[in-house]
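Heads up, the next two complexes both have chain A, just with different partners, chain B and then chain C.
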Partner chain A sequence: MTDPVISADALHVSVGNKTILKNVSFTARRGEVLALLGGNGAGKSTTIKTFLGLMTPSAGTANLLGQNVQLQPDIVRQKVAYLPESVMLYGHLNAVENIRYFLSLAGKEKTDDDIALALKKVALQPHAWQTRLQSYSKGMRQKTAIALALLRDAPILFLDEPTSGLDPVAIDEFNGLISQLASQGATILMVTHDIYGACHVANRIGLLRHGELVGMFDAPQDGNIDAEVVHQAFTQGLK
Partner chain B sequence: MMFRIWLIAKDEWRYWRRSHLAMTVLMIAVVLAIASVVVTFSTVSLAAHQRAHLQSQAEQKFVEQPDRHPHRMVHYGHYLFRTPPPLGRLDPGVDAYTGTAIFLEGHRQNGATFSGQQHSAGLNWLSALSPAFVMQILTPLLLIVMGFGVMTREREAGTFDFLKIQGVSPLMLTIGKGVALAGAGFAVLIPVAVGALITLFYGSSILSVSAFVFSYALYVGFWCALVLLVSTLSRSHVGSFSALIIVWVVTCLVLPRIATNTAVVTVHSPSKLETDFAVLQKLREMGDGHNANDPAFKALKDNLLAKYNVDSVDELPVNFKGIVAQKSEADLTDVLNDFAEQKMEEGVAQAKVARQFGWLSPAIAIQTASMKLAGTDLENYQRFLREAEAVRFAFVQSLNKLHAEGLSYADDVNKYQSHETLQKAKVSANNWQVLSDFHFVPLPAAERFAGSIQALLQLFVLWLVVSIGVVLAGRRQ
Partner chain C sequence: MIWRDIWREGYFLLRKKSVLLLLLSALGLSVFSVWTGSQEVAAQQATIARLLEADALDRADVLQQQNDYGGVAYYSFHLTYAPPSPLAFAALGARDVYPWKHRIRMLALEGQIYESDTGNPELAQAGRIDFAFVISVLAPVFIILLLHDLRASERAAGRDDLLNVTAHSRRALWPLRAGIIVALLSGVLLLPFWFGAFAHSVPCWQVATVTLVCICYMALIALLCYWVSGWLYPAPVLASMLLGIWLLTTYIIPALGNEAIEHSIDGPLGGDILMVQREAVNGAWELPYSHTMDEFVKTHPKWADYTEMSALFEWKWYFAFHQVGDQVAAPLSKRYREVGKKKYQMAGVVAWLSPATLLQRTLTRLAQTDAIAAREYEQQVRDFHEQLRHFYYPLLFTSPPFHRDVFKARPTFEPIEYTK
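After this line comes the complex of A and B, so read on.
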């Protein structure tokens, strides 16, 4: 067994008097896709933000590649690519300019061919590449952000509702990309509402409810996690 | 880190280039700055040329006068013109409100006349779009319009967190935005800096020009830092814009008025009418210099008769009327100078009170620094008045001396008896060479710089305080 790449150890996060995460622990190893499922307010996005160093745990630790995120956020962030739920790119820039700008800020240099390849991978229409993002649909923005995440060449990917806004074809293509990246050694933590999509790509699925990790489902050696089982566990909690 | 800051600044400029509002505002500001430099430069240069020409013309006319009685020349008088200093081409200062010429004559200290304000129906402050006005009042507005959303925009769009994940620290982002904003401010400053450099060819000193440009750079730096600070602390771009506009109105429009009113209230200065009456009252007690038999000059007459050991003024080797004119002028000048000095001291005291508001308003601080360095402040105007009075006294007394020594008492008192006696009571026009070449120059550069230190310090302290605020606010995000 390799050391865990992503590791939450008794994470506890509060905002004011409100507790968002309670004693959450999980790990993900190299090449694994871990999906966190949960309803609204379950603490999914907070988990990712804590790993990104944007929120500070009141107890417990969030480690990436064995390093405490809170102690060395800048070093840890260099190894991370992040795809936010609502894509936060610049409307005054086109897709290529956005990607080039954020890559430069992250200290990554990529050629035009690399960027074109990434944009093709996420199936963004070439005629849209030079159009400013302010006129993009949510799905097109999402694709641009995914291309950026791919180009970061980061060993760890955090994906917050990555397929929201994508059409079914793009979702299939995206899931294919995730599997491909995982097979190349990337460790992926994604949070989603999409049970079937998660079961399709994830090796493990954690179920969050009111800030607590209430279940963990592992994929069998030669197949996917049973979506019906997860669905049942998910909806039981909602009832 | 520097590379990332540069990238952030470059992207902000790209945003402004693509935002029509920001680019339009910047273009207008730069064009206004260039236009104000060109127009004010040429206007003041023309005025300087005209005044120099009028000065030599006035001197020429004086010496070209025919043979006359010396006292007629005392009343013929002479004009002195205040040539604007080289940096006055960028900041005319009090020039528009004070007179530019003084009519010098015997027994009177006339005020300066022909001010721009007198000839513009009181709207001079609107029409005079000087580079100083553009920099002091309009440039902060430009920086507000361009920069109020630099930080709030990132927060509202959610890009702030995304930038953090790319390894951009909040402080780095703040500094990058600050560099971009400073670029916009300096784009407006460049035409003024170029104008200041050109004044070197008109006689400006390097010290004055450097300090002048530096003071405006500090002022622009202050506004950049303030815009950045408010944008960093504000939750929304609406809040940021509103707060900045309020600060601009208070510091650029309201506080200067409050400063002036406070100065007037704290340092009482009698009105012109009151002063004129007081002067008149004092002069009446001194006797009439035109009447040698005025009892006020009895002591002078007795002393003179005793000195030359004669019994009547007819026997004196000097013209008693001329001696009386000399004595009367000297006494009268002492009185007039006392009142003038008191008035000027009150003006300076009021200005000092108003300038203390520079600790609160950078607009007041830059106005003070700019006018002092340009040599167009109140003190330099008073210097002109003092120099003009010295010239007036010297030329009037030269003519009075000529009256006393170049014209006999007998010829003087009998001058209206016939045409011949009138001709005899004149002196040669060769004697009119009593005027020295007058060319007003402001205080030396080092003294002007010394005078501006408090205002520069005010600007520096304000900039430092706000900059520290920016760093602290940047780190806290």
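After this line comes the complex of A and C, so read on.
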């Protein structure tokens, strides 16, 4: 058993008088995909923002590679690639320029071939690479952002609704990419509404409800998590 | 790493049409201000050259036409002027408020100087579009337009978190982006000034000082904008707040300060000096000779033995009562200058609440186009007029035979010389 790469330890987050996360604990080890499922307002995005150091927990700790992100904020910049929900990259730059900009911002250098390879992996049509993003569809922008996340070569990926806006073919391709990255050693925390997609790629699924982690489902050794079981648990909670 | 970061942010910013448009507008305004400043300075220099030539011809004519010293003294005009300094093109200052040229005569002087009044011109600065105006009043607007939405636009687009998490260091993003914007803006605003300074042979130390002062000023405004841009409000709210601060400090505070100063300090008007002096001069026609001569010798005892009149009219008497006219107006004139100095000092205190005014004062002081320079020029005129009296009084009171060669020793006005 390796040490956890991502671990939430009794995480408690409040904004004003409102409690958003209550005593949330989980771990994800190297090469694991952990998906957090939940309805709107369940605390999924707050969990990611807390791990990114963008929100401060009122109790508990969020740790990456054994380091508390509140005490060691640079661990996030160095080790994490983040894909926000509905990311709007810069409209006045094309896909390659956007990727170059963000890679440079992260202190990374990649060749044109590396960038082309990543854009092909996310199935963004080559004729669109030199087009400004202001004319892109939501799905095309999402693919560009995913390519950027891949190029970061980060050992930890945080994905907030990553398949939102993608067509079914692109979702399948994306899920394949996630599995591939995990098999190469990346640890991935994704929050999503997509139960079936999550069951397809995740080793573990946590079910969040009103800020509490109410269930954790582990994939069997040689298969996927049963989507029906998760769906039932998810919808029971909603009822 | 830092050069790569600078290159990245510079390239990124210059690809934004809005940034490019604002920078080009700033460049255009700066070029225009330097051009108008240069045109104005050239016009003033041309006026001086034209008047110098006409002035010399006029005096030569008078000398040929007159046959006594008094007649020459009475009919001769003498051009006095303050030439624009090399830096004047950048800060025209109060040169369009205070007179910078006179044609004075041997008559009473104070009325010739104070034919018009001036207030606190540095507190009523929305005038000519010179470089000082562009840098002090318009540059903050450009900084506000460029920096107010530094963070807010990213928040609105949902990129703020991504940018913060992606940046390899905190300094590599917001401070760097803001710094590059201000550096680019400073560059486009200062570049025309540097060309203008080279063309006008401005001393290097002045160019360096103006550059430093302008950069410090823009850095101050940029720091304020950077600080406000971090607040969690939408971009229009932040822009409104910053423009409100700009309006308050650039126009409202100076305007209120001007009103307060004008109401708090009471002093004579230039017209009062003119009236007192003219009444004294005109009244002298009705007074006995001895009255005027007694007053005259109080300040010029050297001529006490030469005050006897041998005719109904003598030039020495005429110029003596002009001298007395100046003596009568002297306390008022002194008070006028003291009040002007006090107003200038108080305007300096108000300027600390208005960075734009403070910058204008600094630039006009460097360019010697401010109220202090105007007062110095006035004093030069007084000194020159004193030299004329010193030249003419022996000729008027001792009545030597008339020789035109004597006028070769007549003083000529020497304007201030600027180091280049």
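As a working rule, the second predicted complex is superposed on the first by the 238 of 239 C-alpha atoms of A that agree within 3 Å, B and C clash if a C-alpha of one lies under 4 Å from a C-alpha of the other, contacts with A are read in each partner's own complex, and residues count from 1 in each chain.
The definition used in the following text is that a contact is a pair of C-beta atoms (placed from the backbone, for glycine too) under 8 Å apart; a residue touches a chain by one contact, two chains touch by 3 or more.
Bear in mind the structure is a predicted one, so any value in this text is a computation, not a measurement.
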* Asked: Based on the superposition on chain A, does the combination of chain B and chain C result in a clash or a fit?
  -> clash
* **Contacts of A:L52 with chain B and chain C, given as first, second, both or neither** => both
* Asked: Is A:V76 contacted by the first partner chain B, the second partner chain C, both or neither?
  -> second
* Please indicate which partner A:L105 is in contact with in the superposed arrangement: first for chain B, second for chain C, both, or neither. => both
* Asked: Do any residues of chain A touch both chain B and chain C, and if so, which are they?
  -> 49, 52-54, 77-78, 80, 82, 84, 86, 88-90, 92-93, 101-102, 104-107
* To do: Give every residue of chain B touching chain A within the complex, in rising order.
  => 4, 7-8, 11, 14-15, 18-19, 157-159, 161-169
* Structure fact -> In the complex, chain A touches chain C at residues 49, 52-54, 76-78, 80, 82, 84-90, 92-93, 97, 101-102, 104-107
* Contacting residues of chain C [partner chain A, same complex] -> 1, 4-5, 8, 12, 15-17, 157-159, 161-169, 172-173
* Under the touch definition given earlier, write down the residues of chain A that touch chain B in their complex. => 49, 52-54, 74, 77-78, 80, 82, 84, 86, 88-93, 101-102, 104-107, 132
